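Below, chain A partners chain B and then partners chain C, in two separate complexes.
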Partner chain A sequence: MRYKRPLKDKLASKFMLILTILSSLIVFLMAFGLYQRSRSILATKSLTELLFSTSWHPLKGEFGFFPFIMGTIWVTGVAVVIAIPLCLLTAIYLSEYAHRRIREWTKPLIDLLAGIPSVVYGVWGVLVIVPLIKNHIAPFFGRISTGYSVLAGGVVLAIMIFPIIIHVSVGVFSSVPYEVREASLALGATKWQTVKHVVMRKAMPGVIAAIVLGLSRAFGETMAVLMVAGNVAKVPSSVLDPAYPLPALIANNYGEMLSVPLYDSALLLASLVLLMVVLFFNIISRVVLTRVEKRVQ
Partner chain B sequence: MELRTHISVQNLNVFYGNEQALKNITLDIPDKNITVIIGPSGCGKTTLLKSFNRLIDSIDGVKVSGKVLVDGENIFDPKVEVTRIRKKMGLLSQKPYPLPMSIYDNIAYGPRIHGIKDKKRLDEIVEHYLKESGLWNEIKDRLHSPASRLSVGQQQRLCLARGLAVEPEIILGDEPTSALDPKSSQRIEHRFLVLKKQYTIVIVTHILRQAKRLANYVVFLYLGELIEHGPAEDVFNNPKEEMTKEYIKGIIS
Partner chain C sequence: MDRRKIEENIFKSLMLASTFIILSSLVIILITVIVNGLPAMNLAMITQTPKGGYYLGKEGGILNAIIGSLYLAGGATFLAILISLPVVLYLNVYAKKGSRLVIFTRFSFDVLWGVPSIVYGAFGFTIMLFLGVRASLLGGIIAVSLLILPIMSRAMDEVIRMIPEELLDASYALGATRFETALKVVTRQAMPGILTAVLIAFGRGIGDAASVIFTAGFSDYIPYSLLRPAATLPLAIFFQLGTPFPEVQNRAYASAFILTVIILIISIVSRILTRRFTKHIVK
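The block that comes next holds the complex of A and B.
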């Protein structure tokens, strides 16, 4: 009995080690798998042709991703443009102005936004944002729109990335030493001047990292965008046009039309591209944020 | 000696939540002299100093009663514009905190905030105050490099110049040499001795020898209470209170 216990302990720790290694390897395994499966389309067409052709006719064997890439960029771009000012002002208020009690109440509520399932955002977008655009915003600009548009996707996405950007930015702002603010205030600067010229400047790398983190989340978000963006395979020319972002393309079609030659391979290539872009942004922002944290210590 | 009063503290009480940091302080700080506030750590020295430019305002749960008159005006009067009060005083903190910008912009920051835009004027101000704080010769060739690249001693003199550039009447120093090497400390002390001809200087220190070197007037605080204050010679050579005697001899610290 006595000798079994250390052995069990050892086995358990080895087992957990293997699990840990496996889960940290999953990203690489997935990337490798996707690459393997997308090789057959890369063998027939060049990557640049696939990425920059606008012609998407799987039945004719034409797989141009450009409309989807542009759809992703449009929707994400609108989301970020809406999110940046709102998130920054919220983060500044929470870290610089808010009374402790307000901060204790509102911050968890904002963080809670991150936990709402994305399909709920999608439903909300269909019920609220889409009609709002169809009945009010588009007519206001003299346009006709179904409401299912870049703008609808952007608005829903913006709200989904709020908690990430706000949470990380508040952390970054509070990493700026209090004495730097004091130095500015002691010179007779107002609080806003101090925030604008000193805190913001000192926090800038971290804030950019926060935005990039939000961006990478927005790139990959599928469900909510798929429900409101309209899904038309054409490069949008305004925010009121529908868009068909990459994740929506993959989710809508994978498993459906796999009898079409190369279709499956094309979609997996799209997944690989998406994975790479999101990973790239994630890594960059994490590196910057780690540096910001180090500066504090 | 006859001294004109610059800052007059009247029945000042400061509470942090339920804890009383300053207990009914009444005291006059003389104009164009160096006043040194001494006392063991945690006795309220810094609180007293930061109540002069109302930096204690932004601490959560702080309560202040009593008055602080600067040039006869109560700075805790709700009608007073706090930025105008702060402009009257330059602050040197324990560690230098340069603003995240170039050397030039650090000095120009205050004047710019207060409305000076003319490039030539700003150039003059930057040069003038860097000379005044004894830093000009060391850095005149790299005014536009980041202030964070200076040594700590240089940074503290930069902070001094930055404070002087808003043309204050008073310089507040919160243990301004505690992070510096002996040589840099000496430079800062020397600056104070030069500057006291034009400015009222109030310094917090726990270094007794520094207090003796600099002080014209001494304030001794213990656990938030004002124990003794008076001209430096009197307090150091002839302390009236038993506690002051013990502190100066190094029995309590």
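The block that comes next holds the complex of A and C.
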């Protein structure tokens, strides 16, 4: 009886340790699992050949990912270009200018924006953005577009990455010590000059990390993009062209992939590529953000 | 007026405009979903499963998808709690502060948090091939629990980390083991925060489509076994929107409305819990 409690403690400790180690290894497990399944396609062609070929004919055994990779880059690029100025200005406003009450009031709203499922964003894109591009934006530039385009995907993605960029950059701005601002203000600088020359400079690495986190979220986002980007397997040449991003390709072909040889392997390779790119972005920005956090303590 | 003053004012109005644009995008999305979804709502939508020809505009509802999503997100949340609660307790009660394992685990959750859900779906699919399971409720639960594991763990970790060290010391001083402290003091003190983490994870699980598209399949029936394919709300929305019939597309809007209401309820409840939590925390 006397030894029962310490024994229980020991057992629980070991069990929890094992769970902790296992769950911290999930990333590796994912990369390994996907790699195992994509080996059969890598045996037929080299990775560079697959990544840079534009020929996508699964029935002939040709799996060129280039149009899809370009589709992803276009859509992500548009999203980031829209999101950066809006998010930075908002983050500066919330952390430097806004009254505490306004900050407390907007935070749940931005959290809510993060909580909306991507399929709902997709529905919204189909109902609002796609017709807007088809009926107003494309004709304005003298172009005909169905509305399902890079631009539609980019706008929807931009809104989806607002919360993460704002959330992380507000954290970064508030990690800049207050004394630095006071020193600048005491020298007669205006508030905006202080932000521009002092706060921004101090916060720059963290802000870039925030943008990269948003970028990698946009890179892997699937359902909303699948619903509004048009899904034509061709490299887009303008923002009004349709695009077929990599995640949309994976999600769209789950039905056929088991009936065509090597198709499943190709799609799992695409997931592996996606995972690797996102891991790369995430690891870099997390390392930067950990440093920023350390500075605060 | 001073040039610096003008610049100050220009940027201040740009900031206000950006904040306004971002907040109004939320309002516009909610209004669009309500305006298009509410008129298409009817009782049959939430009380019936699809009858024959439902996707051509005939009778029925999406009860199969509502129940399927609740089963799936519920199962995945349960599984994720079983893993993340012990892990987070280990990180905060057992492990040495600042040890390599602690830093590495937190970092890997941060990184996992950024992995796109379609990759979880693809990985879930490889696990299913490995285990020989077909697209089913079980497959979906596995993929979604992996997806929400980092979300839940990070949220729990944030709350449990805030528990004052003295509280643990007091418990040890009374002769409690670390296990007893973790279970009876830490968990209890952090309970509202833990519930919030669970709710956030549940919300993510119920709204995610890309991870279940490979793994859970789709079915017009309510699943009665873990090995049956299950319909989910996000996929139901996607499929209904993809049909060429306006009646069915209207049902997609109604389904999106249902999903949004579920998410709103979850978010409001978790907000109330957070408020309660911050009120009772030992400072």
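Keep in mind that, in the parts below, the second predicted complex is superposed on the first by the 277 of 297 C-alpha atoms of A that agree within 3 Å, B and C clash if a C-alpha of one lies under 4 Å from a C-alpha of the other, contacts with A are read in each partner's own complex, and residues count from 1 in each chain.
Assume contacts are C-beta pairs under 8 Å (C-beta built on N, C-alpha and C of every residue); 3 or more make two chains touch, one makes a residue touch a chain.
It should be emphasised that the depicted structure is a prediction, and the values quoted were computed from it without experimental measurement.
Q: Have a look at chain B and chain C on chain A after the superposition and call it: clash or fit.
A: Taken together on chain A, chain C would fit alongside chain B, as the superposition shows.
Q: Who contacts more of chain A, chain B or chain C?
A: Residues of chain A touched, chain B against chain C: more for C.
Q: Have a look at where A:183 lands relative to chain B and chain C in the superposition and call it first, second, both or neither.
A: first
Q: With the two structures laid over each other on chain A, which partner does A:198 touch: chain B (first), chain C (second), both, or neither?
A: Only chain B is touched by A:198; chain C is not.
Q: What is the C-alpha-centre angle with chain A at the apex and chain B, chain C at the ends, nearest 10 degrees?
A: It is 100 degrees after superposition, to the nearest 10.
Q: By the touch definition at the top of the document, which applies to A:106: first (chain B), second (chain C), both, or neither?
A: second
Q: By the touch definition at the top of the document, which applies to A:149: first (chain B), second (chain C), both, or neither?
A: neither
Q: Does the superposition put A:33 against chain B (first), chain C (second), both, or neither?
A: second
Q: Quick check on the superposed pair: does A:94 touch chain B, chain C, both, or neither? Answer first, second, both or neither.
A: Once the two structures are laid over each other on A, A:94 reaches chain C alone.
Q: After the two structures are laid over each other on chain A, how near do the C-alpha atoms of chain B and chain C get, in Å?
A: So the smallest C-alpha to C-alpha spacing between these two chains is 8 Å.
Q: Across the two complexes, find the residues of chain A that touch chain B and also touch chain C.
A: 190, 193
Q: With touch defined as at the start, can you tell me which chain A residues reach chain B in the complex?
A: Residue list for chain A touching chain B: 99-100, 177, 179-180, 182-190, 193, 197-198, 201-202.
Q: What residues on chain B touch chain A, complex-wise?
A: For this pair, the touching residues of chain B are 53, 55, 58, 60, 83-84, 86-87, 89-91, 93, 95, 97, 99-101, 109-110, 113-114, 159, 162-163, 166.
Q: Which bits of chain A are touching chain C when the two form their complex?
A: Residues in contact with chain C: 5-6, 8-9, 12-13, 15-17, 19-21, 23-27, 30, 33-34, 36-37, 85-87, 89-90, 92-94, 97-98, 106, 108-113, 115-124, 126-128, 159, 162, 166, 190-193, 213, 216-217, 219-223, 227, 247, 250-251, 254, 267-268, 271, 274-275, 278-279, 281-283, 286, 290.
Q: For a test of understanding, state which residues of chain C touch chain A in their complex under the given definition.
A: 4-5, 7-8, 11-12, 14-19, 21-23, 25-26, 28-29, 32-33, 36, 83-84, 86-87, 89-91, 94-95, 101, 104-105, 107-112, 114-119, 121-123, 125-127, 129-130, 146, 149, 153, 177-180, 182, 200, 203-204, 206-210, 213-214, 234-235, 237-238, 241, 252-253, 256, 259-260, 263-264, 266-267, 271
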